[in-house]
Each structure stands twice: as structure tokens, then as C-alpha cells.
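The two complexes that follow have chain A in common; it is paired with chain B in the first and with chain C in the second.
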Partner chain A sequence: MIIMQRVLWIFKGRRLALIGLFWLCLVAVVALIAPLLAPFDPFEINPIMRLSEPGIPYLFGTDHFGRDSFSRSVYGARMAIIIGLGSVSVALIVGGVVGMLSAYFNRLGHFLMRVVDVLMAFPALLLALVLMTLLERSVTNTIIVIGIVYATTTARILFGMTLKLKEEVFIDAAKCAGAGHGALLFRHILPNLISPILVQASFIFAFAQLQAAALDFLGLGLPPEIPSWGNMLSEERIYVTRAPWLLIFPGALIILSVFSMNLVGDVLRDKVDPRFKLDIKGI
Partner chain B sequence: MPLLEVKNLNLSVLTGNDLLPVVRDVSFRVDENQTLGIVGESGCGKSLTSLAIMGLLGGTPISMTSGSIVFSGQELTSLTNKERRSIMGNQIAMIFQEPMTSLNPVYRVGDQIIESLRKHRQMTKTKAKKRAIELLDLVKIPEPENRVESYPHQLSGGQRQRVMIAMALACDPKLLIADEPTTALDVTVQDEVLALIRDLQQRLGTALILISHDLGVIANTCDYVAVMYRGKIVEAAPTADLFSNVNHPYTHGLLNSIPVIDRDIEWLKAIPGRVPTINEKLAGCAFNPRCNIAENICTTCDPEQITLHDDHYVRCHFAKRGTND
Partner chain C sequence: MLVYTFKRLLACIPTLLIASILVFLFIHLIPGDPVAILLGDAATPEDIAALTYEMGLDQPIWTQYLLWLGNVLQGDLGTSIFFHEPVLSVIADGAETSILLALMTMIWIVVFGIPIGILSATRHGSWVDQITSGGAMLFASIPTFWLGLYLILIFSVGLGWFPSSGFPSISDDGGLLNIRFLVLPSLTLAAPNAALIIRLVRASMLDVSREDHVRTAKAKGLHPMAVSLRHIFRNALIAVAAAFGFTFAALVSEAVVTETVFSLPGIGRLVVQSILRRDYPVIQGVILIIVVLYIIINLLVDLAYARLDPRVSLK
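So, the complex of A and B:
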């Protein structure tokens, strides 16, 4: 109950973002109980029923193998959450460690941050494409690649914040109390970084969805048999004139989820740093 | 054996390729139970000296070029970082100038006091918390059982400084360094905090180094005073002796510039000129451009430290003559 109240307080006056949060919760729940919701096996091929129109029993129609598009979308939600959480974890852990250590140990920082600079010089999608071509198509590799692409920005942000934090008097005070490097970094600096990390996580989650969809669409992301929204777009794109619903539903799901995540991210960012606050009522 | 003995401490700051000396030949000692006051203008090196004792110069452009810091018979500068950390917070503790920024905003104040207890005393959580409440009570924070759960932003400046004192005293340190502990506080709160420090120092028998630019504060609190000017101790003496028998023109100027409250004066007496920046190379005595008794010798020859009597040291060519006008 208290959590609900706090959430409502944070999202006060941001109705659209609250709807976004609701949508994300829905996606998460759908992902969790996907086997219960999906009326058909998402892998089951049924050539007789191929390219059926949306209706009953195929809510979102069927694709060119006759697989139920609704079931695939439901399992796609699962992939979306897995990719999102996975990429966020990789990006935060890699980016966090690199950024914090770079700021804390100057010399190491000179080297590591130059590597980050080089990686950041590539456009995100290009970097992801290059890395994916080097690796095999799989869920883990997609997560690692997207995670590394966004680890660079995370590292940059946390580098700057740590650089500032380590000069704070309370860090000197902690040193005076006999705290070592580990204690300083993880007990005194890290907790002060929680809010920017949270904001960063919400945006990475959104961008990871787009990035994964883009990789899938270009045929370099998840293996094609895995039901993900990006893969559905990629596989059915040639039927855009004959069966447009095959593209509309997964496309809409991607757009709604990314948009929702961005709205929620905006609210979190405003809470952390009110300077960015846009004066848009209701969003 | 003195508790802390600093000998010929030299600190330099690296600017570009030059090493500019900022603290030169500073020597002093603090005995157990004693209070030493270090006074001087901003930038005279008093804070740097305390940072050097605490070993907080790492990562700054300032480095120790020579000198020794001996604490209870142990040379601090030759210790490894780990050995030094076991002394910091345990036997030597420090109170900082800014109570607003010296507490970590994301931790409850209790947890911050508990941290050093758990590290140095290996106390259990419950025992450490009990001790934290005792400490908050000791520094006269009302309702310590509740305050221990407060975050720093929920406390006032004075209370935060009290919490800092409680943190510093957590492990019963033998030496407490207070670097301008009251500068950031209101005058009334200043007085309370100083009284508290004085009272605790006497009750617990902790040696204290009080750094300040306020001679009044020092006079009230300290047994022994060292006056610093531009990186050097220009005069050092037991408090009573220093105030009754001023020898260095700088000390004299400082004392003269304190307005007397019950006298009607048109102009405050100030020391003319300004503190030379560290980039300016000065021949002779660093104080000579501002000194009212300077003669030729002062611009060519830097005065050595002279012992006047017992514990009264001064760096001035005209020390024995006296400068009282």
C-alpha cells in the first residue's frame, strides 16, 4: 500500500506517464504468465491457416507459416523483458565498474575512458551491428552486445558523477575514519549514484527494445525462430500489403513499450534532477 | 614522549612543472591531554598541515617533500596505507570545517557513527548502535534514540557538527584534529559547539589540535598556540605567554586587528597589504612587505627560529627587542 502511495506521489500530475507505467506492468505480467495466456504454441506451424485475418480464434491473425501471431506476441513480451533486463544489467555493471574505477583511479581512467571514447564514436546501431556480425546470433549475445553499446554512455555519466563525489568532504571524512578503497567506492560513493543509475536504467531499457528490434529486423539479432516483436516484423515484412496486421500488431507493441518506458524515465529523471523538468501538464 | 611530533614538515604544490613550497619547515608537538591551536590567514597552510597528518594529500597536487610526522612513537609517513587506515579514525580523528557536506547524505547518521566502530572495534551491530546513541547523547543531541535514525538533511548545521564530533570520538581517539570546526556555523551555535569540544576534550583527555583563524577561539580553548604565516610557523608559545608577550609583528598585527567591544573606535586596525600568493618569490622574511618594523636585513635574510624562553619560539630579526608600540 505504501509503495502504491509513493508511486502515485511520484507520478502526480503525470497522467500519461502513469498510463505508460501501467502498460509496462501489463507487459511484465503478460511476459510472466505467457504460457497461460497464449492460446496456441507459438512455434506450431499450421500451413492451412497461413495468413489468416485477425479474428477468432487467431486474435492477431497468423503468419506465413500459420503460426498464431497473438501467441507469438505474448511470448515476444517475454523476450522484450528478458532483453531489456539483460541489457540493462550488462550496461550498468560494465558501465558502472568502468566509470567508477576510471574516476577513482586517475591513471586507469585515462586509459579506460579513451576506450569508451572510441566506442562512443560509433553510432549505437553500427557498433551493435559490427559486434553482432562477430558473434553468433543468440539471446545471450544480443544482450551482451546491446549492453556493451549502452555501457559506454553509462560509464561516461557515472565517471563524471564519481569524479565529483570523490572530492566531497564526506569522502575525506570517511578516509579519516579509516575506510579503504573498496569501502569508499561501494559504501560511500555508489549509494550516492543510485538515482542517476535508476534513470539511466529506465532509458537503457527503452533503447534496448528499439535496438533489439532493429537488430532483429536486419536479421542480426535473435535467431529467427525465437518469437520476438522485432523478428515478427522482420519475417513478415514482405506480406505488408497482403497481411498488414502481421506488422501492425508487433510494431504497435514496440512503439507503445518504448514510448511508455521513455515517459516513465522522464518522470524519474525529473524527480532526480528538477532542472530538466519540462513544463508540459499531464505528461 | 609527545603524542604527536611534526618535524620540519615541507609541503609543495605542483603547478605546471614547478614545485612551489606551501608549507615550510613546520615543526610542533602535541602532548597527551594538550590542546594546540594553529592560527593564520586563509592559505597560510594550516589546513594542509592537518591534511598531511591525516594522510589525505594523496590524489591532490600537493606532496610532502620532506619532514616527519611521529605519532606515539610511530613514523606515520613510512606506514603502508593499510597500517595508516587502522590508525585513522581509531587513534587520530578529524572534524571538518563544513558540517553540511562532511556527512554522507544517503546514510542515516547512526550508520555513519557505527561504521568506524564496526571497523576498528569489531562491535556487533546492536552494540555499536547502543554506543552510537551514547555518543549522540554525549555531544548533547536531544532524543538520541530517534536522531540516530535521522538522515543528515534532517539535522541543523549545529547538530550535524555535533554528529561529526560524535563520529570522531567514536573510537576514543588519542588525538582529535578540528579544522575550523565552527567557521560554517552561526555565532551562537559556534559558541555551543566550541564549549562542547572544550568540555569533551577535558573530560575524555583527548589531545586536540584546533585550527582556526579566530584568535579569540584559540585563546579560550588552547594551551599552546602556533601562528602561521605563508607556510611557516612565525611564532609559537603557550597561550598566556603569547598574548602577554607578543614578539612577532604579525601576531601583533592580528591581535591589534581584533576590535575591542567596549571602546568607541573610528577605524579598525588592519595589517596593511595582503598575503603574497605562493607564486610570488620573496627574498628574506615573508612578512617584510607588510611589516611596520622591517629594515634592510628583513628583505635579504630569512630569520631563523629563535627560542626566547622555555617554549616560546619566534621567527623575527627583531624578536628580542619586542614590537609593542
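So, the complex of A and C:
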């Protein structure tokens, strides 16, 4: 109940973002109970029913293998959440450790941040593509690759913030009280970084969806048989003239999810850093 | 300004060196023996040994790096495994398409992004602003290839206004009219980037509008239009110019996808095809060129920034 009130307070006057949050929760629930919701096996091939139009019993129609598009979309929600949470965790852990340590230990930081700067000179999708050539197509590798791409920006942001925090009086006080490096970093600096980390996480989650879809489309993301929204678009794109609905549903699901996450991220950022405030009513 | 330019130039050198080391190491990170991969399955052990010697792969890694760097500085990026041609000329073949595509995209971004951004900022809080800002965020949330596919479906298949794929050179039959092949791809590529620029113009104009000189301009009775264009927008442009490097990176990323959707013979599609063909020297060459370009663009952006805003070089 208290959590609900807090959420409502944060999203006060931002109706569209609240709807976005609701949509994201819905996707998460669908992902959790996917096997209960999907009327068909998402892998089951049924050539007689291939490319059927949306209706009953195939709500979103069937693809060129005759697989039920609705069931695949439902399992796609699961993939979206896994890819999102996975790459956010990789980006935050790798980027957080690199950024914080670099700011805390000057000499190490000088070298590490140079490497981060150089990696940031690689356009995101290109870096992901190059890393994918070194690895095999799999869910884990896609998560690692997208996570590493966004670890660079995370490291940059947390580096700057840790650098500032390090000079604060309460850190000196903690040092005088005998706190070691570990305690300073994790007990005194990290808690002050939680809000910017949360904002960063929401944007990485949104970007990760688009990157994963692009990788799937280029044939370098998840293995083709895995039901993800990106793979559904990639596999059915040649049927776009004969069965346009096959691309509308997964496309709309990606757009809605990314849009919602961006809206939620915007609200969180305004709360953390009012400088960027969009000051629009309703959004 | 001179001191700043010099300092900024010097700072590029370590960045370039680290970038070159990373790009060089790429071919060594490929699992397995690079020579065996380069030669394919039909290679005999003798072939492998000969090419290993020829490529200098039996040398210590630092010697190899220096040899490679020497070649690169002389414009030799190696030979494509697929085309059996120098990598540089393979890349040059795709350059026309990619450069024209980028130019057209930049035109759309400026034509749509900047006026809409100004409109959104001058009317901030109104319904115009709600629609444009919300719309910009929505466009930034659309996967590039999805937008491209539907533009093809509507404007090529449905209305037949524009061709759906390919791009004959403007030196071929049709001349400059061949540009029509790039209309849909450049619009696809411009959509998410224009959305970014709209948000950026809006945010930095709102930032500038809180400054003292704007209040002075208003107080002395200038027309609101003059205040927003001459006093706010001009200052806000500095922040927009600073984001140009970022836009370039975003353009390159999305060009890879867009060129694939529209089957354009550009550098972006070359990267994807080279990855699928395991043509490592081409991948390495393209990445090196893009990263160096990005570093140069950022250098120019920084220098332009210092020129536009003298406070920067004094810091």
C-alpha cells in the first residue's frame, strides 16, 4: 500500500507515464505466466494453417510456418524482460565497478577511463555487431554484448558522480572514523548513487530492446527459432505484403514497451535531476 | 584558442593509439587460428604455414602491431577475403551511397528537427508542445527497420512513389534523379535522429531562456520572435552543435540497419555482409575508419564549441 502511494506520488500529474508503467507491469506479468496465457505451443509448426489472418483461434494470425503469432508474442514478452533485465544488470555491474573504481583510485582511473572513452567512439550497434562476430548467437551472448555496450556510458556517468562525492565532507568524516576502502565505496558512496543508477537502468532497458531487435533483424542476435519480438519481425519481413499483420503486432509491442520505458525513465530523471525537467502536464 | 587547439590535438593521440590497438586485437580475438579461418576449409597445412609467414603472424604480437600500424598509415588496410581486392577500395565502393545517404538524412534532420524544436520550446507547456515532445519520444522508440519496412509498404508497394530498394550511382543513367532511391532510406534514418534533435533544441532553448540576457532582451521591448530566435535559439545552438558527434554515431549505427532494409550498396550493409561472410579484414578496416572519423568529428566539434563559446577554452 505504501509502495503504491509512493509510486502515485512520483507519477503525480504524469498520466501518460503512469499508463506506460502500467503497460510495463502488464508485460512483466505476461512474461511470468506465459505458459498459462499462450493458447498454442509457440514452436508448434502447422503448415496447413500458414499465414492465416488474425481471428479465432489465431488472435494475431499465424506465421509462414503456421506457428501461432499470439503465443509467440506472449513468449516474446518473456524474452524482452530477460534481455532487458539481463543487459541492465551487466551494464550496471561492469559499468558501475569500472566507473566507481576509476574515480576512487586515480591512477587506475586514468587508464580505465581512457579505454572507456575509446570504446565510446564505437557506435553502439557497430560495437555490438563486432562483439557478436566473436561469439555465437545465443541469449546469454546477446545479453553480455548489449550490456557491455551500455556499460561504457554507465561507467562515464558514475565516474563523474563518484569523483564529486569523493570530495564531500561526509566522506572525510567516514575516513576519520576509520572506514576502509570497501566501506567508503559501498557503504558511503554507493547509496548516494542509487537514484542516478535507477534512471540509467530505465534508459538502458529501453535501448536494449531496440538494440536486441536490430541484432535479431540483422541475423546476429538471438538464435532464429527463439520467439522474440525482434525475431518475429525479422523472420516474417518477406511476407510483409501478403501478411502485413505479422509485422504489426510484434512491432507495436516493441514500440509500446520502449515508449513506456522512456516515459517512465523521464519521470524518474526529473525526480532525480530537475534540471532536465520537461515540465509538460500530462506526459 | 591556439593553445586550446594544440592541447586538444595532442589529447587525440593516445585515444587514436588505444583505438588502433583494440581494432588490431579484434582479429586475434576470433576463436581459432585466424589464418585457417581466412583460408577456409580447403587449406593445406603448407598454405597455412605460408600465409602465417607472409602475414607476419609468427612474429611477436608487438612487432605485428607495429607492422600493421605502418601499413595502415600508408593506406594499406589489407585484402578482402571475399572480393580479393584491397580493403580500402572495397570500402571506397560503398562510400558514395553512404555519404549521400548521410547528407540527405542531415537535411531532413535540420529541416524537421530544428523548426519543430523551436516551436515546441516557444510554446512550452501548450498542447502543441505536448504533441511534438510526445511525438518525438514516440519516434525515438520505433525500431528503424520496422519504420523502413512500412515506408516501403506504403510509398513503394502501395502508392508507387519511390523505388523500394537499391541505389544506382548518380554517375550512371538517370544522373542526379537517382537520388529518389534514397528518399525513403533517408527519411527512415532521419526519424529517430530528428526526434533526438527536437528534444535537444527544446531542452537547451528552455535552459537558455532562464538566463539574464534573455530577461534584458524582453525588458527592452523586443518582439518575442526576435527574443526566441536571436537571443535564445542562437545560444541554444551551441549545445546542439556539441551533440553533433553523438548524432554521427547514431547515424552510423542506424545506417547499418537502414542500408540492409533498403538493400543499398553502402558501407553499413558491407559491414553486415562481411560479418556474415566472415570477411575479417573488411570488418577491421571499416571499424578503423569509422572510429577515426568519429574521433576527428569530435575534435572538430570541440574546436567549434570553443570558438562559439569562448568560455570553454578559458577553463
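Note that in this section the second predicted complex is superposed on the first by the 283 of 283 C-alpha atoms of A that agree within 3 Å, B and C clash if a C-alpha of one lies under 4 Å from a C-alpha of the other, contacts with A are read in each partner's own complex, and residues count from 1 in each chain.
Throughout what follows, a contact is a pair of C-beta atoms (placed from the backbone, for glycine too) under 8 Å apart; a residue touches a chain by one contact, two chains touch by 3 or more.
Bear in mind that the values here come from a model prediction, so they are computed numbers and not experimental data.
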Touched partner set for A:Arg242, first chain B, second chain C, both or neither: neither
Partner chain in contact with A:Ala174 - chain B first, chain C second, else both or neither: first
Which of chain B and chain C A:Leu263 touches, first, second, both or neither: second
Larger contact residue set on chain A - chain B or chain C: C
Interface residues, chain B side, partner chain A - complex: 54-56, 59, 81-82, 85-90, 92-94, 96-98, 101-107, 115-116, 119-120, 164, 167-168
Chain A residues within the chain B interface of the complex: 106, 166, 168-170, 172-180, 183, 187-188, 191-192, 194
Residues of chain A touching chain C in the complex: 16, 114-115, 117-119, 121-126, 129-130, 132-134, 206, 210, 213-214, 217-220, 230, 233, 237, 240-241, 244, 247, 251, 254-255, 258-259, 262-263, 266, 275-276, 278-283
Chain C residues within the chain A interface of the complex: 14-15, 18-19, 22, 26, 29-31, 124-125, 129-130, 133-134, 137-138, 140-146, 149-150, 152-153, 157, 203, 206-207, 249-250, 252-254, 256-257, 260, 271-272, 275-276, 278, 283, 287, 290-291, 294-295, 298
